[in-house]
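Presented sequentially are two complexes of subunit A, the first with subunit B as partner and the second with subunit C.
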Partner chain A sequence: MDAQLNNAELMLHSKHNPYLKRRSNKLDMDFVHLATFLRRIESKALDLGDRMQKGYKRIWSSGDLGLYLLWLIMHLIVSIWYFAVDLVNSLESYLISSGFMKQYKDLDISKVRYLAVVLDSEEALDTMKVLELLRWLTAMGLRNVCLYDPEGVLKRSKDALSLWLRSEVMPNGANGDALVKQKYLSLEVISFTDGKHAVAKAANFLLKKHHLNADAEVPELTESDMADALAEIGYAAPEPDLMLIYGPVRCHLGFPAWRLRYTEIVHMGPLKSMKYGALIKAIRRYTMVRQNYGT
Partner chain B sequence: MEKQSSSVVVRLLGSLVGYMRRFLFRFLSVGPIPRHMAFILDGNRRYARKWKMDDRMGYKVGFLALMRLMRCCHELGVKYITVYVFSIENFKRRPEEVQTVMELMLEKIEGLIKEEGILNQYGVRVEFAGNLKLLSEPVRIAAEKAMRVTAHNKSLVLVVAVAYTSTDEMAQAAQECCRDKADRGSQQQQLVELADVERHMYMAVAPDPEILLRTSGEKRLSNFLLWQTSNSVLYSPAALWPEVGLRHLVWAVLNFQRVQPYLHKRRNHLYLSTQQ
Partner chain C sequence: MIPLVLFHNSMSSLKPCRATKTTTGEWPNGARENEVIRLRGYLNQEFMPKHVALIMDGNGRWAKKRGLAVQDGHKSGRINLKYLTYNCSNLGIKMLTAYAFSTENWNRSRMEIAFLMTTFEEFIQSLVEDLMTRHDIRFSAIGEKSRLPESLQSAISKAEEMSRTNKGLHFVMAMSYSGRNDVVEAAKIIAKKVERGTLQTSEIDEAMLEQELMTNIGQFPNPDMLIRTSGELRLSNFLMWQLAYSQFYFSDKLFPDFGEEDLLEALASYQYRVSAGFESDWK
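On to the complex of A and B.
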C-alpha cells in the first residue's frame, strides 16, 4: 500500500519535471520487476509447501496404502469368482434352452399364478428387451405378470408393450376370441408411488372414514382393515408367488411392501444379459420349493 | 500341569484368531461398512434335526451363533443389528413349541441384562420391535426391563423383532397416525403424510438396513422388514442359522461394497422423489 502511494506520488511529480519523469519511469519498471520476482518466489514457496504436505501424508499413511492394496486385491478375487460363475451359468443356460437337459423339459407353470418382474429403471428404458422378456414369459405359459420399476419408466411404455403383445397374438388367434383371450398376457405395471405412498393414502382413507363419527375413538385397525382400505382406493392386487429381479443388485427397489409377504425373490442379473435358459431354471427351482408359512 | 498347558495353548490360539479377525476387519473397513444389518434366524429346528438334538438345544445353539455374530459386527463397526426372532405367524405352531421359545427368550433376556452380561460389556442397547401386547406377561415385562436397563449404552443397537410382521407393523403405524391426527381435533383435518407413517413404525428406532441376511438358503422375506428393505442387499446363504459365521458376514459385506455406489444413488433418487 505504501509502495503504491509512493509510486503514485512519483508519478504525480514526474508530470512537472522531465528529468524526474525519466527517472520515475525507470523506478516504476524496477518496482514492477521486483513485485513480479517476489510473487514468483511466493508461488514457488507455496508449491513446495504443498508437495511437502502430500509427501508427509503419503509417508504417514503408508500402512493404510498397504491395506488399500489388500482391499483392492480382495475385490479383484471376488470379481474373478463372479466372472467364473457367470461363465458356468451361461453354459448351463445354453444347455437348458437347447433342450440338452431333460429335467427342464416339463415345467409345471400352474404353480406360478402371479409373477412379478422388478427392473432397474435405467435398464427398463430398453423397451425391446422388456418386450422380448414378455414374449418368453408368454411362450412359457404365464398369464399374469406384474412389471415394476422404481421411477415409472415402464408406465410410459405400457401402452406400446400391450399393443405389441396384442399384435403378436392376433395372427395366431384367428380361431376366435376365446383363443385370443387365452393367449393374451394380463399385464400390470407399477412403480414406487404405488408402494409406500399408497399406504399413506390408505391411512388417510381410514382417518376420514373414522372421522365421520366425531365422538367415537379410532378402533383397533387390523391387517384386514388395511387390506380393505387399500382395495377401496384402488390398490387391490394379488401377491406375486415369484419375483424376478433384473438389475445389478438383489434388491426389490421398493416394490409394494404388503404384497411381498411370502414371495420367492430371485436375482437374474442385468436385463441386457438375460437368458431364456436362466429363466426356465429360476421358475423350475421355484416349483420345487416347499413353504412352511411360519408354522 | 497338562490341563494348564493346554488351556494356555487354547488361550494363545484364541488371541491369534482374534488378532487375525481384527486385521481382516481393518482391511475390510477400507471400503464402506453397512450401518445396519438385519438377520432372519432361520434353520434352528432343521439344525437340531440334522444333529439329532431336540428343538430346545437347536435354539440354544442358535442363540450362541447370534452372540458370536453380534461380537463380530461390533468389531467391524456396524451400528445397528436387527434379528427376526419370532413372527406373529409362529404363534400358530404347536403350543409346546411356542412355550419352549418363550421360556428360552425369558431366560436369555434375564441373562443378558445382568451387570456383567454381554450387553453392558459391549455397550449394546436393546430395543424390542413388534406387537409386544401379544407376548405373555413375564416376557413382556422382561423385554421392557431390558430396554430400560440398556438405554444408556451407545456402542451398538440390537433390535429384536419379536411378535413382529411387516403387515402388522404397517397397520399399527396407520392406526397410530389416525389416533395422532384425530387427537388434534376434528376442526383441523390434517392429512397423513408418508413421514408420519414412517415415524410410527416399530422399526423407527433404526435406519433402513443395508444388508438383510436370511439363512437356510430361503429366498423370501417372510413378512420381515418389507417396508425398510427398499434399498437393501438381500443375501441368502445356504447355511443354517447356528452354522452361520465370520465367512458369511465377510462375504455379505464384500458384496455390499461392490454395489454400494448404485444403492447410494438409488437412495438419493428415492429421497428426492418423496420430497416432491
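On to the complex of A and C.
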C-alpha cells in the first residue's frame, strides 16, 4: 500500500509539473488525488484516537474523576469539531486540485506578477517541502517568487533549490533554448537582514550623501529618496502582489516592511500540511480582489 | 479553557446573520449582551495584547449595503470606534492605534475629505468630553498633521494637552499617515540631530530608527496584533515597520458592524496562539 501511495505521490507531482513526462491518464490522476485525500483522513483519525487514549489514561491517574471526565467530554467535542473542519478543508482541497470545482479551473495567474512566500525558519529546514511548493508554483505558471525566512535558512539552500528546479525543467541536462529559459522560476531568497537592516543602511547612505555635499541645510528626504537609496545599495526589489505565510503564526516575521504597502497577505497554515487546492484557492481569491488604494 | 474559546470561535461563524445597528449607530438593546459576557469570561488578562492596531475599513460599503449615503457610514464608524475604544480600555489593553486616514485617502473627493475632517473633529471633541474625562484615556494623533485643517489641528492639540497626564488606555489616531513616510521622517529626525551635533554617530542602525518612529510616543510602540475589518487582507501602508512581529486578524465584518463580541473573538484568537507558545517562537 505504501509503495503504491509513494508512486501515486510521484504521479501527483508529475501532474503539477508540466515538464515531466505524463505517464498516466485522467482516471489514474483522480485515483492519486483520492488516495492522498484518504491518507490524510486516516492520519487525522489516528491523531484523534491518540488524543482520546491519552485523555482516558489521565482520568484513571487522577483522583478527581468528575472534573477530568468533564474536561475529557469538552475536549472531545472540540477535537471532533476541529476534525470535522479539517475534513471539510481537505475535501475542498481535493475537489479543487482534481478539477471538480469549475470556478478554479481557469486561473488568471498573470495578475500575480510577484509572489512572496514567508516561512517560519523551523519549517524552512524542510527543503523537500519547499521544493515541492516551488514545483507547484512553477506548474501554475508563476515566474517570480520571493522566499523569506527570518534566520536565513533558505539562503543556505537556495543554490540546491535552484539546481533541482532547473534539472526538472531540462531532464536531459541540455543547456536549452530561449523558450526553456523563459520557463525558469526567478527565485529571490531573503531574510531579516534584507528588511530593517537594509533600510538603516539606506538611511546611512542618504546621511553621508548629504554630508559629503556640504549641504548645511537639513535634507528634505522623501519616500522616493529612500527608495532610490535602497536601489543604490542593492536592495531594490518589487513589492509582492501576494504573500503566502506558512507557519503556525499569522505574522510576516519581519519581511522587508518597505515592500509591503499593498501586498495581500494570506496565512496558509503549517508547511507540512500544505495543500495544492488551498494554494489555488488563495491565488484565485487574490485574482478576484479589487484594490482601491485608499480612494 | 482554550479549547472552549476555540470551539466558541468556530461555532460563532455558523450563527445566523446578527442584528445590525440603526443608522445612528446605536446598539439594539441587549442584542448580544449574553454573548459578550460569555466571551469575556474566556479571556485571560495575562495574555491580553498590550498594543492593538486597528484598520477601520468598510464604512462606505456598510452604507451602500443599506442604501445610505457614505457619510452615514462614516458617522456609524465614528460611533463604533468610540465604543471599541471604551471596550479596549475596559479589557485592560494599554494602547490602541486606529488608522483613520491614510495619505492615499487625500485622493478622494473634496466633499468626502471635508466631511471626514469634520467627523474627526467632532469625534475628538466628544472623546474629550466622555472617554478622557470619565475613563482616564490618553489621546494622541500621529501622521502628517500639517496637512490637516487648522481647526482639526487645534482640536488635536487641545485633546493631547488635556489628556497628557491620563494613565489609562493610550488611544492613538493615525491621520494623514503613511508607514513609509513614518520611516523617512525618522531618518530626517536623526539627520537633524547629527547636523546639530546632538547626536554623535556615523552609523544609523535599526534601533535608532525605531526610536524616532511616530508610534514611539507610547509605552508599547509595536503592536501585538493588527485587526482589519471588511475582509481585506492588506496593511495598506499602515505601521509597516512596527507590525513585523504582530499577529494579524482579518475580519470579514464591515467596520460599523464590528462590535465588542467581534473584538473579543479577535482577542481570543490572539490569546490562543500566545498561550500555545507560538509567540516566543517568532518574537
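As a working rule, the second predicted complex is superposed on the first by the 205 of 295 C-alpha atoms of A that agree within 3 Å, B and C clash if a C-alpha of one lies under 4 Å from a C-alpha of the other, contacts with A are read in each partner's own complex, and residues count from 1 in each chain.
Criterion: a contact is a pair of C-beta atoms (placed from the backbone, for glycine too) under 8 Å apart; a residue touches a chain by one contact, two chains touch by 3 or more.
Values in this document were obtained by computation on a predicted structure and should not be read as measured data.
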Subunit B versus subunit C on the shared subunit A, clash or fit? clash
One more residue to check, A:222. First (subunit B), second (subunit C), both or neither? both
Under the stated touch criterion, which partner chain does A:70 make contact with: subunit B (first), subunit C (second), both, or neither? first
Applying the touch criterion given at the start, work out whether A:151 contacts subunit B, subunit C, both or neither, answering first, second, both or neither. first
Of the partners subunit B and subunit C, which touch A:210 in the superposed model: first, second, both, neither? both
Pick one for A:85: touches subunit B only (first), subunit C only (second), both, or neither. second
Contact residues common to both interfaces of subunit A (with subunit B and with subunit C): 74-75, 78-79, 150, 195-197, 199-200, 203-204, 206-207, 210-211, 218, 220-223, 225-226, 248-254, 257-258, 260-267, 289, 291, 293-295
Residue set of subunit A touching subunit C in the complex reads 74-75, 77-79, 81-82, 85, 120, 122, 150, 195-197, 199-200, 203-204, 206-207, 210-211, 216, 218-223, 225-226, 247-255, 257-258, 260-267, 289, 291, 293-295
List of subunit C residues in touch with subunit A within their complex: 3-4, 6-7, 10-11, 102-105, 107-108, 178-181, 183-184, 187-188, 190-192, 194-195, 203-206, 208-209, 232-237, 240-241, 243-249, 273, 276, 278-279, 281-282
In the complex, go through subunit A and note every residue touching subunit B. 64, 67-68, 70-71, 74-75, 78-79, 150-151, 192-193, 195-197, 199-200, 202-204, 206-208, 210-211, 214, 217-218, 220-223, 225-226, 229, 248-254, 257-258, 260-267, 289, 291, 293-295
Partner subunit A, residues of subunit B touching it in the complex: 26-28, 30-31, 87, 89-90, 92-93, 165-168, 170-175, 177-179, 181-182, 186, 189, 191-194, 196-197, 219-223, 226-227, 229-235, 254-255, 257-259, 262-263, 266, 269-270, 273-274
